[in-house]
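Following this line, the structures themselves.
In the two assemblies presented below, chain A is common to both, partnered first by chain B and then by chain C.
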Partner chain A sequence: MDMNRREFFKFCGVGLGASSLAALGMTPEPAFADSIRHFKLTASKETRNTCPYCSVGCGLLMYSRGSGGKNAKQEIFHIEGDPDHPVNRGSLCPKGAGLIDFIRSPNRLHYPQVREPGSNEWKRVSWDEALDRIARLMKEDRDANFVEKNDAGQTVNRWLTTGFLAASAASSEAGYMTHKVVRSTGILGFDNQARV
Partner chain B sequence: MSSKIIEPGQIEASATTPPFVLLPPKDVFARRAERLVSLAEGHPLGAYLSLMARVSKAQDAVLENPPELPTLDAQALSTALKHDMPPLSVDTLLRDNHWQPLLEAWLGRFREQNPELPDPVNQALEQLQQASAKQRLDWAEALVGGRFSELPGALVPFLGASLQLAWTLWLGQVDGKAIREREDQTECPCCGSLPVAGVIHHRRPADGVRYLVCSLCATQWHYVRLKCSHCLGTKGLEYLHFDDSPYGIRAESCPQCHTSLKQLYLENAPNSDAVAADLASLDLDMSLAEQGFHRRAPNLLLAPGGDGASADAPATRDTH
Partner chain C sequence: MAGLAPTFGRGAMTNHWNDIKNANLVLVMGGNAAEAHPVGFKWVTEAKAHNQAKLVVVDPRFTRTASVADLYAPIRTGSDIAFLGGLIHYLLDTDQIQHEYVRNYTDMPFIVKEGFSFADGLYNGYDADSRSYPDKSEWDYELDENGHARVDPTLSHPRCVYQLMKKHYSRYTPELVSQICGTPLKRMMQVWDTIAETAVPGKTMTILYALGWTQHSVGSQMIRAGAMLQLLLGNIGMPGGGVNALRGHSNIQGLTDLGLLSNLLPGYLTLPRDNEQDYNAYIAKRAPQALRPGQLSYWQNYGKFHVSLMKAWYGDAVSAENNWGYDWLPKLDVPMYDVLKVFDMMYEGKMNGYFCQGFNPIAAFPNKAKISAALSKLKYLVVMDPLTTETSEFWRQVDDYNDVDTASIQTTVFRLPTTCFAEENGSLVNSSRWLQWHWKGAEPPGEARPDVFIMGGLFHRLRAMYQQDGGAFPDPILNLDWSYERPDEPTPEEIAREFNGKALVDLKDPNTGEVLVKAGQQLSGFGQLRDDGSTASGCWLFCGSWTEDGNLMARRDNSDPYDMGQTLGWAWSWPANRRILYNRASADPSGQPWDDEHKRLVWWDGSKWTGTDVPDFAARSAPEDNMNPFIMNPEGVARFFARGNMAEGPFPEHYEPFETPIGRNPLHPNSAAVTSNPASRVFRNDMEVFGRADEFPHAATTYRLTEHFHYWTKHNRLNSIAQPQQFVELGEVMASELGIKAGDRVRVSSNRGFIEAVAVVTKRIRPLQVDGKTVHHVGIPLHWGFVEVAKNGYITNTLTPFVGDGNTNTPEYKSFLVNVEKV
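And then the complex of A and B:
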C-alpha cells in the first residue's frame, strides 16, 4: 500500500462542501463557517522544568498563556508533575504542588537587598552593587584568612572562613562548574544541592 | 516485635510505570455513541453527530454478536510481536478480506436499527452494499491510506465504521501486554495506522499521561507529552483552543512541520471519546487551517473534503 501518498488536509469552509457532511446532505449553515471567525483562538504553552526545591529534582509541567510576543504578557497559570519524568512520574510533594503560589507570592524577592552589619533594615541595591559587594567582601576575607601552608610547612591553600551554598535543580554539568569555581578559590565548606 | 520486611515490588506499586498500550474496552462503541448523542444537542453539526451516534450503536451491536469469522493465524501474531511489528498490520489484514463479512453485518444491523434514513444515506449504504469485493477493497485501501479524495465522501463514515469494527474485534486475539514499549511510536503498535488524536488521561495510574488513539482499532499507546507526533519536534509547540470550549480539546501545533494534532484532556471532559470529540470540534480544524496548520490525523468517520494532497503539503518525515 502506498502510504507515502497520504494526504494532508485542511478543513475549511469551502472544503466542507466536498466532505462527507455535504455528500450526506448535512452541510452546516453557511453561518457556521463565519461564526468561527468570531471565536478567539487561544494559545497556551506547556513547558518542562525541574522543581527548584530539593535535591530529588522532580520534573514539572508548567502551563502558560500568552504567545511570548513583544507586547503579550506571559503568565503561568498551572503547574503539575511531569508524568513522563522518571523521577516522580507525575507526582509532587505538597511543597512542589504549591509552586504556583511560590511564583505568585507577594513576598517573593524581585531584586537584591542588603542588611548591613549593625542595621536592622533591608536596603534595595542594584545587581551591580550586590555582585561588587559580594566580590569585595569575599576578596577581603580571603586576603585576611587564606591559609597557604600548614604548621608542618606543607602547601594546603585553604580558605576556611567562607562557605558556599549552591542551588538545587542544577544539572550535573552545573554542579561540576560550581565545584571547579568554588574549589579553586580554596573554599572547603560548600554544598551543591544537586545530587540527582 | 518484628517489623515486616518489605518485598521487592511493594514500594514500586505507588509509582508504577503506566502501561504502554491500553486496549479499548468492550463498550468502546457504546460509549462513543452515548457521547455523540450528548454532543449533538444544539451543535451546528448536530445532524451528522446524531447519525454517527447511530453508526456507533450498530458497531457496538455487531461487536457484541459478531458473525462467525476465521481466527487469525496465532503463529503470525506471535511472530509479529516478536519482531516489534504490528500484529494486526492493516496492509496485510485488509487484503485478506475477512473484514468484508463484518461490513455486511454492520450494514444489516444499521439498517435494522434505523429503518428510516435520509435519502443520501440510503443511497450511500446501497452503493456500499452493491459494490464488488474488489471495489470495496480499493475504497478501503484508499481510506486507511489516508487518500480520502479517492473514494466517494458519502461512503467514508460507513466503510470506516466497518473497518474500525473489524480491527477492534480482532484486538480480542492480541495480548496487549506482549507489545514491547518503544519510544517515538507515531503509528499504532497494533495495526500501524495513524492516531486520530491524543488523550491526556486523568485517572491513576495514567494520571496526566498522554496516549495516542488509533484511528482504526482504537488502541491507545503511550507517547511522551510535549512532543510533535509527526516530526518528533519539541521546540515551540503551542496548544491552541477556543476559550471556554466544552470539548476538552487543545490542538498540539508544531511550528517546525506545521501540523497539529488534537489532544483530548479527559480532566476537562471526563466522559469524552477521541473520535467523537474530534468530530464535534471541526471548527477548531477550520481555525487551525486558517493559521496555516495542516492536519494528518484521519478520522474514519468523516471525509474532510477540500483539496487533499496539495502542493503546499509540509515536508514529510518518511514513515514507510
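And then the complex of A and C:
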C-alpha cells in the first residue's frame, strides 16, 4: 500500500475505516471496527513548527483542539516529530519529546510584573505601565550618559551604560527587530547566546 | 566561529546534518553529539550502517557518543591543540596529505614576510602589558609589485606557509603530545593512523564539534587546528567532509547571522572603530582587492551590502550626502563589549540598565558570585522570557542555592512574559544554515506577548519622548524606518521580507537598459544588491529567502534526486541556498569531482558549474580561469596561516587552561608567561581568583545531559522526572581514594565558590597520566537552579572562571580546577 501520512490518518479513522478497507478489498467485521476508539488526532488541527532547543532544527507536528473559529482558542495537546522532515524524519530526542511540557510549564509567565528596589515580591502591572516605565528609564540613562564624541574629539555616538542580551531561540524576525531597535539607540553592550 | 572564518572565509558549519551520511570517517572531538544533538547524531549512525563509516571519539569522558565509537581515545580537557598539532606534524612527517588539494586550494605555497617569527611560545610583536599583539603587520604575505602575494609552487622557500607550518609543529612529537594530553601513546597513534587514511581523494572525514572546543581560553585556535587538519586531508568542500560546528541553541546561528553581537551588523558586516571616521576608508578596508590574479574576493561587494542595510533601516533618511547614515552607527573604542566585559563594567558600577531577552545570565555566565554582585548594582533590569528565570529572581534568598540579602538589592526588576515557539510564526536557522519557517499553533498564556511587540512598544515610547522633549542625539531614533502595517507589532512576514530586501527603484541592466527588477519587488539574491541606494536589504546573507516567488523558508519539498542528502527544495539555506560551503573544492582543478561515484557534488559541465548542490562559486568561471574555491578570502584559497586574523598568532599553539592541573606548559616549561593563552584578556580581580592545583587538584568540565536542555527543561515535568536531581560524575579510582561511594553527597569547590550534589561514581572517567602526574576529571552537568519544577540545585557556574577565549571571549567553562569532598 502506498499512502501518505494524511491518507493514513483518514484510513485509520473509524467510520471511514470500514469503507476504505472495503474499497481496498479487505473487509473486516463491522463490529470489529466499531470497537476501535476514535483516533485522537483525526479532529485536531495540525501545525508545523521547529524544535526550539538545540541546533538540529527538527521538524515538529503540533496538534491542537479547537475549530479555528474566532472565539475558539487553540490549545496544543500533542507534539511529535514531522516524518516529512529530512533531518529528523519523524523522530525526536528526549528533550524534544517533552516539548508539550515546556508550553504548559507551571513556570510560564502570564503577566508583566515588577520587583521594586529592596522588595521581596513581584507586583503585577499592565503592559502600558511596564513599557512606559522602562522607556523612561532608558531615556534618562541614555540622555545622561550618551557619548557623542570621545576624548580625541572623534564622533562615536555610543551608549555604554545600558546593555542588551539577546536570545538563543527567538525567531530571526524577533532578532532582526531587536537589532534594529537596539542599534538605533547606540548600545554596544549587545550579545546573544552565541557569545557563550 | 572565530576559528573557521579566518581559515575558510565564513564562520559557520561547512556541511549539514544529512550530509554526515556521506562520510567515511566521523571524528567527534570537542562535542558529544549523541547526547547533546541526539537526532542529528542519527546521521552518524546512518553513515556507519550504510556507508561503512568508522566513528572516532576523542573526549575526557567515555560519553554515549564514545559508547558507539569504533575507536575512543581519552584526552585531558583543554589539550586539544596539542593533540591536533601532533597529528598535523605526523601527517606532514609521513606525507599523508592530499597533495593536489593543498597545493591548489590552500596557502601552502604563499611566502610570508621576513619579520614574522615565533620563539619561546610567542610570535613577534607581543606586548605583555596589554596581553596582546598590537602590531600584527608582519603576520602576512610578501607582496609583489602588483599587490599580489608571492608564492612558491615548489613549496621549498623557507618562508612559504608549508615550511613554516612544518617547522612550527615539528615540536609536537607523539611522545610530548601524549605527555600533555594524557592520551596513551598507542591509542593515540591508532586514532592518527585512522584519520590519515582519509588523505586519499575519494575518502572523507567529517569533524563534529561543539562547545567542547569553543569554551576554552584557546577555543578558537582549537577549532582552527581542526580546520587545518581537514585542509591537509582535502576534506573541505567535500560531501561527508567539513568542520561542523554543532550549534548549542536553535537560533544562535540565525541571531549571529543577523549580527546580534557587540561588534557586528547583519550579515557579518562589522561596526566601525573610533579611528574610522572616514566612511569611504571604512568600506575600503572591508572590501579587499584580490591577493592573487583572477580571484573573486567576494567581500569586494561590502559596500553594496552595507548601503542596502542602511536603506532597510533608515529608508529615505539616508543617502550618499550623509554617507548613508554612517555617523548614526555607534563606534567601538575596544574590540568588543562582549558579555564578560559588560558584566565586569556592571560589577565596577559603570552600568545602569540591562535587558535579558530569553537569556539567563546568572545561570549561564561564569562566576555566579560576580554576576550576582554585578546585577545588584544596576538601577534597572528588564527580563523578557516565557519562563521564570533565575536571573529575574537573582534578588530572592533561596537557602544556600542563592544566598543574598534581598533588602539591600536596590535594582528595579521588570519581568515581561513572552511567547514561546509554538505561539508565533517565524524562522529559525539551524546549524546547517537552513532558514526554516514555523507556524503558530496556539495562543500564549495570560498576557504573554511576542518579543517584537515589546521591542516595538519600547521603540515607540522612546521615539515619542525624543520627538516631544528632545534629548541626546535623537537622529538615529527619529529616522529609523518604521513603515509597518501595524506599527505596534510588525508581523514576522513583514520583517522577513525586509531582511530579504527589495528594489527601491526599477533596477536596470547597465548594458541593455532592460528592467531586471521592478521598484518595490522583492530581490531574488544578493547579487542584485547595489551601493547607490537603489536596493534595501536588512541582511544580505538572507537575500533570496523571501523573493517574488514567496517565502522560500517555508518550502517543504524533501526530494533528494541524487541521493546525496542535499534536499535543495527543503526550506532555504544561506548563502544562495548552497548546502555545502566551498563545494567547488569537491572537484579537482580541472573541474571534475575528486571521486565521480561517491563524492559528486558540483562540477564543470563545459559551459557552467552545476551539480547536486548549488555551486558556491562564480557559475561561469571556467577551470582554466584558475579562480579558486574559497571565494570569500581575497587570496582565493584557504589559510593554514591565519595572517592577522587571530589574537594569538597565525598557527595554533598549545597553551594550558588558565586553571591548569599541571601548572606549566610542557612545550615551554620554563616560561610562566606562556603557560596559558598570552593573548586572553583577564580583568582585574579575576586573575587573583584563579585556583591552583595544590589547593584544587582536579580538572573539571561542564556539560549537558540528554534529558535536559540548558536551564529550560527543569521547568518541565517530563524532563524533571527523567533527571530530577543535580549530580556530579567522578571516576572510580578518584572516588575510592576520597572514600566516596555512589549516592554520597559531595561538595565540589573552586576558588570562586562551591556546589553540593549527589556523586555518580563511574568507570566512564579514568585517571590520565599527564606530565608525570595523575589527573582526575570531574564531570559537572549544568542544568539546575533555584527556580524549578525539578529539585532545586546549585548553579554550576558558581564554579567556573571569568576568563574567555582570546578572540571571542567565550568563557572557559570546559577546563577549570576543583576540589571534591564528601559532605
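As a working rule, the second predicted complex is superposed on the first by the 108 of 196 C-alpha atoms of A that agree within 3 Å, B and C clash if a C-alpha of one lies under 4 Å from a C-alpha of the other, contacts with A are read in each partner's own complex, and residues count from 1 in each chain.
Note that a residue touches a chain if its C-beta (ideal position, glycine included) is under 8 Å from a C-beta of that chain, and two chains touch if they have at least 3 such contacts.
The structure presented is a predicted model; accordingly, all values stated were derived computationally and were not measured.
Of the two partner chains placed by the overlay, only chain B lies in contact with A:Glu80; chain C stays clear of it. When the shared chain is aligned, chain C comes close enough to touch A:Asn150, but chain B does not.
Legend: residue contacts after superposition of the two complexes on their common chain; A:Leu41 is shown touching chain B, with no touch to chain C.
Contacts of A:Ser91 after superposition: both chain B and chain C are touched. Between chain B and chain C, C touches the greater number of residues of chain A.
Chain A residues 45, 47-48, 84, 88-89, 91 lie at the interface with chain B in one structure and with chain C in the other.
Across the complex, chain B is touched by residues 1-26, 28-29, 32-33, 35-36, 39-48, 61, 67, 80-84, 88-91 of chain A. For chain A in complex with chain C, the touching residues are 45, 47-60, 62, 64, 73-76, 79, 84-89, 91-103, 105-120, 122, 127, 130-139, 141-143, 145-146, 148, 150, 152, 154-181, 183-196. On chain B, the positions that touch chain A within their shared complex are 15-18, 44-45, 47-48, 51, 90-91, 94, 118-121, 124, 141, 144-149, 152-154, 156-157, 194, 206-210, 224-226, 237-243, 250, 259, 282-283, 285-287, 289-291, 294-296, 301-310, 313-314, 316, 318-320.
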